[in-house]
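Before anything else, here's the structure in question.
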């Protein structure tokens, strides 16, 4: 459910719409106030477009919560004054939730998961989190999963009753030692803060799995967990179209398999489309807090500033939705995966919760490559 | 006006957005001044509007009104890298009893190519920008001309300046290079950015904020000289690109107001955006004759244990350079020194100090002279 | 410190593609000619101009540009505040401890398609709460207008009467964008919808332009009686009452207090009509009528050229055009011209007290200045 957030001084009751730690006047602590019962108290139908909001007409609603706090919200659907605004959570496979981050990553991750029907977690649940740490870069460049997302996700899991001993972060890089990336991106600090387990996938054992004509060496680590979170950084990719749910899975494979696939791009795309079948069910949390646009996924791209979080139970649905929102060309591996019944790739059959598709669509810098990039 | 309180965030890559950084620094300054925010009459802020950024904000005064929960007068007075000094000068002119001055910058949100482009927009739009003159290139042209005209000075002298600043910054907990050792060889062997300037000749871009509370009521540190001078955009426009007149004029103005001369200055926080700028500023501020700036660094005159320490904080080089916050972080350092709170980099004689802030390539310059009261 | 207006000058506001140097030069030349001093006597300057990535000049350090233009090495400061920049610059200039101060507002807004300009101006709103939700500048004002209509029964027709009045005035102002263009009430009522309930004629038009004023401690015929600046939270939805703009209320109160007069003493006013609703709300917030009764003033013709207190005889932002920063200064040019009886067809009968009201963003920064005709 969309929610309003206010930061309030416990003494003088002044309210802030931006997070602060202490009150400037009283020096006292701040409490967070979340409003979830939203009513429409005003709206305007906008007819003029601008690059971040190109599809017109759209409506901007003025919502007011149970505490009298207000916030604007962009929707396509028409509402009347007095209508209740609510998002309906949906735990089906065809659902994708999209949440815009209002300065608070914890609330955004919480909402993204709640909108796909939330998760069940106990002190015995073994949880695996797979971020994207394939290339070194500072967090603000969007080249790796944003540490703030991991921070929020782990905190949410702990608040729901999970035990830190049962939470594992796993990743590998095919280019650079993992330690280097962890330090630069700031992920190291998160892991230290929560004292969770940290595994370098290249040091795990692999087993062979067959699917159609492909043989994959998949890390055995995926068999040891009850709940798996696939947390890619959403980036445009000059070869694949995007780095999303699918691409992040490739780093569960051995370097040998990866190198073989990399030799033949066409084959790699087909292999990529059946990759999800190698794994038990997982939830994808797409980190588009910063993300990348242009000639990604490495140093030639630039930050996307998308400021969103996606959550989906099916990777085909996830990547298809991302492709549609960023107005990119159809992704061959997603269309193929859909044909092979790994998930829904017909955009009209995908259920968007939290925000409407046409309210989110915008043009981004396309990954079409450039004459200035030296290729070897 | 008097300096009542100062505050700054640690300079580096920050998680926070600019209004949050401004809030943090302001809180520190308010607490340091032991003045309630209710007593503040006006706020003067400085921050640059960044184009390639996660926060697209053109109306920072409104954001501060929301952050400070106030309807009081708030104005934004940006001036590129001179934002801090600029804001201080304006605050000193306004005539209020208590003024909060805050400078903040959050620029580490995009690729370094984009940051270079943003800084390039401080160069002249038709004569310089299309000719590939970005900030390091502009300083490099000045450096090249200087080294050519005064062959006695070499890049080794520039390296000495960078090294001095790093040795100081090593000791400053708020600095980007705190506890990070940088040797003279590291500096001399760093990659060339725009010949003859190397990576280690250039200050480093970081996020950060600094704030100062000014009061009419007597306090322990007084602003006895405050001058601002605006000059041309591009160095090639002046008759002598090696003399930055805005520095010379504003320094003279400040010295006149304070009724003192160069010999009275105990220590200086000056604008070392590039090592060559520090060298030229020694001369333009009147501490050395034109062409003889290198003598000061070779003799150790400006070292931490020298006769007149320059950039005890580490300067823009080692402390880091969030453009609009720098000018006020200089005031922070001066206040800490005068109050004997500078820890390992404490200077002995701290009665009179000069703060020097440059915007663009010598386009806008502020000079402030601060004096310990009763000292 | 007593301040007087020496001379004023401005370019015609238009779509003409001129460089900012060119426009600044013209405005400054006019202001100098209108005053009794030579450029040598200017002691300091305050310039207001927005940093814009969409105009072809890409110039950040406007102070040095002006220094280069004036060939002077004096203190020149830059005080931008989006649409309220002109007023903020004048307010700052009045407080500087220098004798003859030049105040300049210059902006070249039109170098790009409308879509990009819409996005640029949208950047005056809160990034994550407003900009992301499609709250473009017309939308946020439209939401405020809707609240006013719901609360006080103001109608869209009332707002359009304001547009008609301003266009009628502007058609007589040689410096206005709409000089010589008569627009009928029919045309105004049938214009396309921009953002409900606003149509094209509720919104001011973006143009290029420059305006300059020279103030001094030397006595002249125009005295600055009141000068105040106040701020309010950036986003209207955060304020207690979206229809009360505290910046206007506080700045107005302070300015009237300094001048020791009351609202009813004002003979002519230039109010900030970025959108018709802003002028209507200003009637109330400045104290020309009670809260909620703004519509009465326009219905009774109180603010027409032949009314009790003509508002926006220049055409206002609506018909004169709104180049963002110069607007606040252009308002002072109009009031000066009115007090000096130089307004030709749109001259108000012997005005003694004039008021200018300039707003930045959606009420974030507001300045109110009061000018008095004294013997001089």
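By written order: A, B and C. Residues from 1 in each chain.
Keep this in mind: a contact is a pair of C-beta atoms (placed from the backbone, for glycine too) under 8 Å apart; a residue touches a chain by one contact, two chains touch by 3 or more.
Note that this is a predicted model, so its numbers are computed, not measured.
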{"item": "Chain pair, A-C or B-C, that carries the greater number of C-beta contacts", "value": "B-C"}
{"item": "Centroid-based (C-alpha) most distant chain relative to chain A", "value": "C"}
{"item": "Length of the line joining the C-alpha centres of chain A and chain B, rounded to whole Å", "value": "40"}
{"item": "Chain A and chain C: spacing of chain centres that average the CA atoms, whole Å", "value": "44"}
{"item": "Chain B and chain C: spacing of chain centres that average the CA atoms, whole Å", "value": "35"}
{"item": "Junction residues of chain C, two or more chains touched", "value": "126, 131, 233, 235, 238"}
{"item": "Shared interface positions of chain B, touching two or more other chains", "value": "54, 63, 66, 69"}
{"item": "Multi-chain contact residues (two or more partners), chain A", "value": "17, 103, 307"}
{"item": "Chain C-facing residues of chain B, complex", "value": "48-49, 51, 54-59, 61-66, 69-80, 86, 89-90, 93-95, 121-122, 124-125, 129, 227-233, 237, 245-246, 249, 359-360, 363-364"}
{"item": "Residue numbers on chain C that touch chain A, as the complex places them", "value": "114-116, 118-119, 122, 126, 128-136, 138-140, 142-143, 146-147, 150, 192-198, 233, 235, 237-238, 242"}
{"item": "Residues of chain B that touch chain A when the two form their complex", "value": "13, 15, 17, 19-20, 23-24, 26-27, 30-31, 36-38, 52-54, 63, 66-69, 108-111, 114"}
{"item": "Of all residues in chain A, those that touch chain B in their complex", "value": "14, 16-22, 24-25, 27, 103, 138, 140-141, 148, 290, 302-303, 305, 307"}
{"item": "Chain C residues touching chain B - in the complex, by the definition given at the top", "value": "1, 45, 50-51, 53, 57-61, 63-68, 73-82, 88, 91-92, 95-97, 120, 123-127, 131, 228-235, 238, 246-247, 250, 360-361, 364-365"}
